[in-house]
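Here chain A shows up in two complexes: once beside chain B, once beside chain C.
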Partner chain A sequence: MDIVFSQVDYCYMVGTPFEKVALKDFSITIPSGSFTAVIGHTGSGKSTFIQHINGLLRPSSGTVQVGPYTIKAGEKKVDLKGLRKKVGLVFQYPEHQLFEETVEKDICFGPINFGLSKEKAVQRAKELMPLVGLQEELLTVSPFQLSGGQMRRVAIAGVLASRPSVLVLDEPAASLDPEGRENMMNLFHDYHKTQKTTTILVTHHMEDAAKYADQIVVLHNGMIEMIGGRELIFERASRLNEIGLDLPKSVRFLQDVKTQFNLKKVPMEFDVKGTSDFIGELFKKKGE
Partner chain B sequence: MSALVTLENVTYQYENAKRYALQDVNVAITANEWVSVIGRNGSGKSTFGRLLNGIVVPTHGTVKVSEFSTHNENEIWDIRKIVGMVFQNPDHQFVATTVRDDLAFGLENLGLAREVMEGRITKYASLIGITPLLEAEPHRLSGGQKQRVAIAGVMAMEPQVIVFDESTSMLDPIGRKEVIDTMQMLHQRGVTIISITHDMDEAVLGSRILLFNEGKIVVDGHPEEVFSQKDVVTELGVSLPFSVELQKLLEKHGISLSETCLTQEELIGELWTLYSAK
Partner chain C sequence: MQNVIIGQYVSTSSILHRLDPRSKLLCVFLLVFIIFLANNWIANTIVIVFTSSMVVLSKVPILFIYKGVRPILWLILFTFILHLFLTREGDVIFRLGFFTLYEEALRQGIFIAIRLITIIMLTSLVTLTTRPIDLTDGLEQLFSPLKKIGLPAHELALMMSISLRFIPTFMQETEKIMKAQMARGVDFTSGPFRQRIKAFLPLLVPLFISAFNRAEELALAMESRGYRGGIGRTKYRVLLWKFKDTMALLFCLGFGLIIVWLRFI
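Showing the complex of A and B:
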């Protein structure tokens, strides 16, 4: 589903002394089936932005379109249930939202609520378990007996069980160990590719943004500061720095190499392998 | 130097858990060390942190802080004056409606006189650089500001040891830098830092690393020593700092450095030296 924001403003606590503009003249098109990373410092508007995508927040002015659903400022009638069936939102620490007696019931809650029969919901829960890296036997246990990492996987299976066409992820790998982080991100990336979902990832990790996203959106003070592919974004190191963001480690490393080695140009590499290949070449040339 | 924190044969099992969260852990930490605690999720790192000021007490073995034992209920408050904790989620650490009242809350529990409390709040707010925030409402602060307020609250109790349990993991790059700078400043002032982290570039800031696996300390050493055992470390679910990983790959290009470089600056320096000599 295409997602289109047209001149969206959003203010918190309108008409009080605490009134705060959180999104300002916000226009963006996110094409169906794309993977978009959203980066920005704390308070830049990332959460406000993503909460508009499933109607948790409504624009103060402007229009938000998600596929066939339109949310226009001031208009009340929106099929929020239909919208939320299509937009799956994985919050930070999704495991805090588990509440059912068994893992199976927790995963089935969403789809049943959206009108799926119990049998079909249970079938989906069974299919999802291996996909999120859990054993099927765990379906009958209480989610509260599981480890933190397992609980998070259950919560994610619960979101995927409604088969959303749009998947919004807010730091889904926060506080996982490096191995767990990579597994979790690969899970979403595979899901994105096989289900052709429109995926939006909010992250503080520049490496993840560079690795997974087709396009990166940089937010600053409630506005879109930059939008584009990773080369375009990470080219602008000094501006990113000014607004509290960093370069991916490999990009920054080669920038520092450029300065120290007094090179005219260095490529932009997004992994350690590419970085080491470049340094290897550099040394080889000098030896010749 | 004698140890400030000592764990002797410490085993810990959570209620109803089948396996031990920690098993037979022995470690001694001396004053003003900076110890980074790393390992997979579930390896026992956080349990280790919680044992240090008696949030949990060992199933077997003893945890001693200075001359006090966490087994002795009468000594728990003495221990908590010595060991402070800063947690991961800044939002879970506030109780009052202004930053000033929040800092006062912890001090009230110590039973200090009003003037002493006020003096400490002024002193540590200024030290951590949060004086302008004293009248602010905690929930309106940025993540980095919240963590620094939490640190000031802990500092005001004047502990000798501070345990940071993934205190930077929810912060954006600026917030993270604010907290790390504060940790370094405290360390220079003599505070013992125990930093539980998944971020290896943060782990190398310390002078000692404890690597946990399945409830045991499997590696205990200087960061250079620990990360030079690259394969051992990765097998235990821990990633390498960027510069160590890069160095490992550079060997395949015939570029070998004599020392393990823990930071990008060191690595670039070493590479430049090698390159210039070619």
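Showing the complex of A and C:
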């Protein structure tokens, strides 16, 4: 489903001394089936932005359109349940939302709320367990007996179980170890590829943004600062630094190589393979 | 979720903000009694004037005060109506079927409403104009004479400051979990009553669990920094009783004397 924001403003706590504009004149189009990364410093409006996609927040002015659903400022009648069924949202630390007696019940909670029969929901839970990297035996266990990482996987399965066509991820790999982080990100990337979901990933991790996203959106003070492919974004290093963001490590590394070796130009590489290939070439040339 | 004002400090600068927390607490304690002594129209008018001038003095936006009163408006309405039905004194104003409205009933109902509203306003003014930490320091000092009879003043104050400190955290947590469950299709606001009660389970269980976890983490963090109760503990911020605090207390006493005097004329 295409997601279109047109001139959305959002204000927190209107009419109090704590009033704060969180989104300003926010217009963006996210094409169906794309993988979009949203990056920005703390307080740049990332969370506010993604909560508009499934109608948890309503724009103070402007329009949000998600597939056939339109949320217009000031209008009340929207089929929120239908919208939320289509838009799966994985919050930061999703393991905090677990509450059922067994893992199976918790995974089935969403789908049943959205009107799926119990049998079908249980079936989906069974299918999802290996997909999120958990053994099927754990279905009958209380989620509170699991480790933190396992709990997070259960919570994510609980969101995926509704088979959303838009998947919004808010720092899904926060506070995981490097291996867990990569597993988690690969899980979402595979899911994105196989299910053809429109995926939106909020992250502080430039490497993840560069690795997985088709387009990157940079937010600053509630406004869109930049939008485009990774080369386009990470070219503007000085501006990114100004707004409290960094370059991916491999890009930074090659920039350092450039100054150390007085090179005219270095390519922009986003993974270990590309970087080491370039360094290898460089050594060969210097050796000659 | 944004309309609970307990423990919400509004940092404007006013004479009420600058008073010592102890004098504010004593004044409010006194005022609650005084307000209950007001039993005629003149006294109640003075109470209203007094309360509104305090609100103006505090420079706290009126919206905050209103948000504090709003949750108990139903309670006030309820007690008002109860008075209309149950008090049977004074002249009859009118009869409608089985219902008879007495003059005294109307009077009592209005007075009770005034009392409740002004008390809520004045007590919320204390928390709105005092930093929570100052408030608990003040309470601890006020209660410290009672240590002799075994009242754990320091521990009580600590409990209070911890609960005040965690109210905003708890509210944020509530909002976050509510949103997470709403994203999973829970509807907290519509549907039949039974279903709405059931909808709160997915909210309450995670909240309890996180509250217990947090309590344990906090206890560990405090112990690892050597916390061993209040014995021999010094304070970074020392409370100072100033001339204006004495004045504030005398002012409230004077206000009380006027109300008492009005009772007898």
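One rule holds for everything that comes next: the second predicted complex is superposed on the first by the 288 of 288 C-alpha atoms of A that agree within 3 Å, B and C clash if a C-alpha of one lies under 4 Å from a C-alpha of the other, contacts with A are read in each partner's own complex, and residues count from 1 in each chain.
To be clear about the criterion, contacts are C-beta pairs under 8 Å (C-beta built on N, C-alpha and C of every residue); 3 or more make two chains touch, one makes a residue touch a chain.
Values in this document were obtained by computation on a predicted structure and should not be read as measured data.
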{"item": "Fit-or-clash call for chain B and chain C when the two complexes are aligned on chain A", "value": "clash"}
{"item": "First, second, both or neither for A:172, with chain B first and chain C second", "value": "neither"}
{"item": "First, second, both or neither for A:45, with chain B first and chain C second", "value": "neither"}
{"item": "Which superposed partner A:261 touches (first chain B, second chain C, both, neither)", "value": "first"}
{"item": "Touched partner set for A:59, first chain B, second chain C, both or neither", "value": "neither"}
{"item": "Chain B versus chain C as contact partner of A:97, first or second or both or neither", "value": "second"}
{"item": "Superposed model, chain A: greater residue contact from chain B or chain C", "value": "B"}
{"item": "Which of chain B and chain C A:148 touches, first, second, both or neither", "value": "first"}
{"item": "Superposition clash, chain B versus chain C, among 114-122, 132-140, 168-176 or 222-230", "value": "114-122"}
{"item": "Contact footprint of chain A on chain B as seen in their complex", "value": "39-42, 88, 142-144, 166, 169-175, 198, 200-201, 237-239, 242-243, 245-246, 249-250, 252-255, 264-265, 267-269, 271-272, 274-275, 278"}
{"item": "Footprint of chain A on chain C - complex, ascending", "value": "2, 10, 12, 61, 63-64, 173, 176-177, 179-187, 201-202, 204-206, 209-210"}
{"item": "Parts of chain A lying in touch with chain B, wherever the complex brings them together", "value": "40-43, 92, 147-149, 171, 174-181, 204, 206, 244-246, 249-250, 252-253, 256-257, 260-261, 272-273, 275-277, 279-280, 282-284, 286-287"}
{"item": "Chain A residues within the chain C interface of the complex", "value": "13, 15-17, 51, 54, 56, 81, 84-85, 87-89, 91, 94, 96-99, 109-110, 113-114, 144, 158-159, 162"}
